[in-house]
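Note that the chains take the letters A, B, C and D in the order they are written out, and that residue 1 is the start of every chain.
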Amino acid sequence: MAKSRFEYVRNYELPDPIMPNAFIVVRIDGRGFHKFSDTHLFQKPNDKRALDLMDIAAKTVMNEYKDVILAFGESDEYSFLLRRNTKLYNRRRSKISSSIVSLFTSAYVFHWSHFFPNDPLKYPPSFDSRAVVYPTDKEIRDYFAWRQADTHINNLYNTAFWALVNDGQTTTEANKTLQGTDSKDKNELLYSKYGINYNNLPAMYRKGSICVRVDPQSIRLSLDDTDSETNTANSATVEIASSSRSAHQINPTPSGVDENDATPEDGDIRRRSKSVKKVKPYEGIDGEITILHEDIIKDKFWNERPWLTI
Amino acid sequence: MAKSRFEYVRNYELPDPIMPNAFIVVRIDGRGFHKFSDTHLFQKPNDKRALDLMDIAAKTVMNEYKDVILAFGESDEYSFLLRRNTKLYNRRRSKISSSIVSLFTSAYVFHWSHFFPNDPLKYPPSFDSRAVVYPTDKEIRDYFAWRQADTHINNLYNTAFWALVNDGQTTTEANKTLQGTDSKDKNELLYSKYGINYNNLPAMYRKGSICVRVDPQSIRLSLDDTDSETNTANSATVEIASSSRSAHQINPTPSGVDENDATPEDGDIRRRSKSVKKVKPYEGIDGEITILHEDIIKDKFWNERPWLTI
Amino acid sequence: MAKSRFEYVRNYELPDPIMPNAFIVVRIDGRGFHKFSDTHLFQKPNDKRALDLMDIAAKTVMNEYKDVILAFGESDEYSFLLRRNTKLYNRRRSKISSSIVSLFTSAYVFHWSHFFPNDPLKYPPSFDSRAVVYPTDKEIRDYFAWRQADTHINNLYNTAFWALVNDGQTTTEANKTLQGTDSKDKNELLYSKYGINYNNLPAMYRKGSICVRVDPQSIRLSLDDTDSETNTANSATVEIASSSRSAHQINPTPSGVDENDATPEDGDIRRRSKSVKKVKPYEGIDGEITILHEDIIKDKFWNERPWLTI
Amino acid sequence: MAKSRFEYVRNYELPDPIMPNAFIVVRIDGRGFHKFSDTHLFQKPNDKRALDLMDIAAKTVMNEYKDVILAFGESDEYSFLLRRNTKLYNRRRSKISSSIVSLFTSAYVFHWSHFFPNDPLKYPPSFDSRAVVYPTDKEIRDYFAWRQADTHINNLYNTAFWALVNDGQTTTEANKTLQGTDSKDKNELLYSKYGINYNNLPAMYRKGSICVRVDPQSIRLSLDDTDSETNTANSATVEIASSSRSAHQINPTPSGVDENDATPEDGDIRRRSKSVKKVKPYEGIDGEITILHEDIIKDKFWNERPWLTI
């Protein structure tokens, strides 16, 4: 088929490759999540359901993109580290950044009802993303340390803030009360006034969520550099996702969902589901990936995973 | 709170502004939609439900981003034109491109069940995006002409291809049959062998979908250049979405909306809903935007909408 | 010859194309020219020799790069406009910008002794450059208007400043005297106190230097888009330069060219020189290009040269 | 003075910072030097005068830009390494790349007559430049190894080629003779047929020129990161250059220079190699910088200069 005479406009699509052998971090960030969390009545200062949903969306990304070897999330943001030598999409910046944010968003909406079974999504949320390039492992470690330090700072503040608000202060008053306080002040306030030992709060809230592959085999494999643009997509997506869906629907007390499964069109899905039958709910896409809530600032985490910074 | 000593990694986030006064087109494209459409049993060569879903996702984008003044979609892709002088996100390339693809994806998954009520989504689909910059209105016209010419070329081919397949040819045979044929050949094949007058097929399939605002008032308004990064987000999002949600969930007993609204937490939503009360399901976000399936290559379309290429 | 195993480092040279069909302006700017002009005792507020040298360097650039269709200079800066459709170096930003600043610098040093025969260059001066991209002719007109307005503003200030200094004020006092004055004030000061009618000063100082090709034929030719990377270099360079050189050295007896050419090494030069025989000293590179000191802000200049903004 | 209404065109000058903490290499390359070397009758395969001129131009760059910590030259190209943490011009790509190529070019023309006292420059030569960014010291070592391997490959070829041509072959025949030969073949040809032991040829031709600072003090100083955009310019420029100028111009009987010139070719190199204590004209700008012709591929060079890859 002859190309049209308008084809020339393609020439305006300029190349945007990221330089070789540098680390790429894609960070996605919720747009308007203050309003979104209000509208959807997220619990404050932390809503475990919302954080779990973020984590499952991050896992979806890591399952699809094997070259994402580490992710860290807090609140409405998530950062994805691509291995240094990734050839994903020939390192095209837009392609990498947009594909990841799109899949993350998609998984967030797709899995919403599992985590919020009684709170239907009221409008489609969205995230933005950017790809940042770092030359060495030092910056990578500092990048994740930066995010985890931020998690701590925000969570301590929010915990104190909501304790005050729940105690009767207006948000304005609570802000004022906390103005000029440092970490120690806030810890003391929480402990003396509300009997809260900050360090005993769930690690998920204090440390954020770290996604890593349990089995470095897959990493080693991917370090072979044999992946091309065509094979980076995880061909297991359908299976994984279908099992995820199963998870939603088979779910111990799957309310109205079962009716849906009864619809004839779903026949082939059920059949396909067989192959992943033994996968437990929401562990389908957990397979290789685990979520940790531990310190990422000190050496231990990194020493145990030397493949992250190769 | 003092900033952490890791903060310096922010310096690696380099600016990526798009030059002023040039047109920006963000094109999103389905990733792996061949498999996705197979898995979800899309009708071939065109599945109206899937195209309608693409259109509603595009409308969601246009409702949120008033500076998107035109969109064109076909198959699993959509192109969004931002007005020449947009200040959206200070014209930051990543921010614009990623926010649009994320919202599009989100809306696609969010509205899926409305268009495929009996076919639950089996896994989260995703799209990539890129922002392309064009200096003048000539390239803009040619860009959209390029996409519509492409729609025609693909649809004619696919129509002939699936006619052959439905007639008993294997896909390999059908491909072979069509090899080397031109438009006239395919038209004749369709007509003589299958009695299909290609030009009588739905315009949606032959011309793609054009989204424009009905009322140029809003455009004129936005041409004032008074919008800043903070106010570009459409504050009507919640309303729109809440009415959309109602559409999904209350269907076919829309009274259910009230039940929902009866929950105390939903108070402000209910109040807000008043203003969009008369809007019927799925017309809420249609309000200002209309979808056309007409020629975008000739002058007529553009002459009627001079504000597009100012 | 086998490539070395180090060859991979080439992959770090990333593409930097400028988008098609947009105007490119390369602006070069003297580095440390305050000190340079002091060291070389430039006359203040304007040194005609220095400005003439800038102009000849600009002409050299335009002779070499036929796609440079307009240039504007003032003080120690020069702006070069490349025609909208230039294919020069495949529109690679670095290549275009660096080649122009290098040739300009080279010509500046090369021709120095002609304009400053008694003031040898004390150290090698340098310039920086940047390429700026503009989508339409409006910005191009405004760009050159901006530079000419700047010329006026600076020259009026400097004229008043040096009048005061020559009248006995220190530079600090002169600066203070002028603080807060507008154009009218400075004009009046010059006229009432020093009898200087600003508008009667040489146009070169007030308007800057505009380089254009006299004969638009060459433009029309270049608009054919037939030029490739290889043929953009002006093959006439050697001839032009050799005549220029002659000018330097043999001046004031231009017949001396032949004597010079008589040196055996110069054989092929002499032969080549024939074709430019009738060209007088320093008119060699003037051939197609003329330098104007006129208004570039109003329409007249542009209306007379429609090819500039095609 | 109020800014003009055209000022807005400045907004089209977009930022182009290079990411922090990555090595920057600026490589300049002669434009049309095949013709330039023919026109100026360079000796083949190597013209020591031309190489010395390249080296002095490189030194000028290193004297001006203290953050250039290493340079390597061969033929008509030179590569400049900026220290990893350079803040030069806030790491603006265009500014760095253009300033270096401009100063190099300027110095090349400025010093021409010293190296070619009897062969006046016939036209202004020019160079292009590009800035390439490398994340780690490994790529930096490989980059310079790449250039030195290239030097060897080219020089061996050219030496054999010109031996054949001087022996009576046409250039076409010589090319043909060498087609398909490897290094060993060429070495043998040179030795058996022309009695040339390639390894005994001057190291300058076989290894290229390496410029490094003798005294790492200046490096250590510059590693303090205290330099700002304003103070990166070497304030000693004028002095240095003026002493150079003295050499050229005041010296009617250029004392030391003549001595230097008296040695057939290598004299001044030898003397310079010994030490840089007795700095004579043209050694003024040698002060801190020395030129080596040694192996840069093996570890020794780098182990002796750990500050290069910090």
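Please note the rule applied: contacts are C-beta pairs under 8 Å (C-beta built on N, C-alpha and C of every residue); 3 or more make two chains touch, one makes a residue touch a chain.
Since we're looking at a predicted model, the values are computed, not measured.
Comparing contact pairs by residue number, the interface of B-C is reproduced by A-D among A-D, A-B or A-C, since over half of the pairs coincide.
For the pair subunit A and subunit B, the distance between mean C-alpha positions equals 26 Å.
In terms of their C-alpha centroids, the spacing between subunit C and subunit D amounts to 27 Å.
Centre-to-centre, using mean CA coordinates, subunit A is 50 Å away from subunit D. Subunit B and subunit D have Cα centroids separated by 55 Å.
Across the assembly, subunit C contributes 8, 12, 19, 133-134, 139 as residues in contact with two or more other chains. Taken as a graph of touching chains, this assembly is fully connected, with contact between every pair of chains. Listed in rising order, the residues of subunit A touching subunit D in the complex are 19, 21-22, 133-136, 139. Against subunit D, in their complex, subunit C makes its touches with residues 1-2, 4, 6-10, 12-13, 28, 31-32, 35, 39, 60, 64, 93-95, 97-99, 101-111, 120-134, 139, 142-143, 145-146, 149-150, 153, 157, 182-183, 233, 237-238, 240-242, 244-245, 249, 265, 268-269. Interface residues of subunit C, counted against subunit A in their complex, comprise 8, 11-12, 14-15, 17, 19-20.
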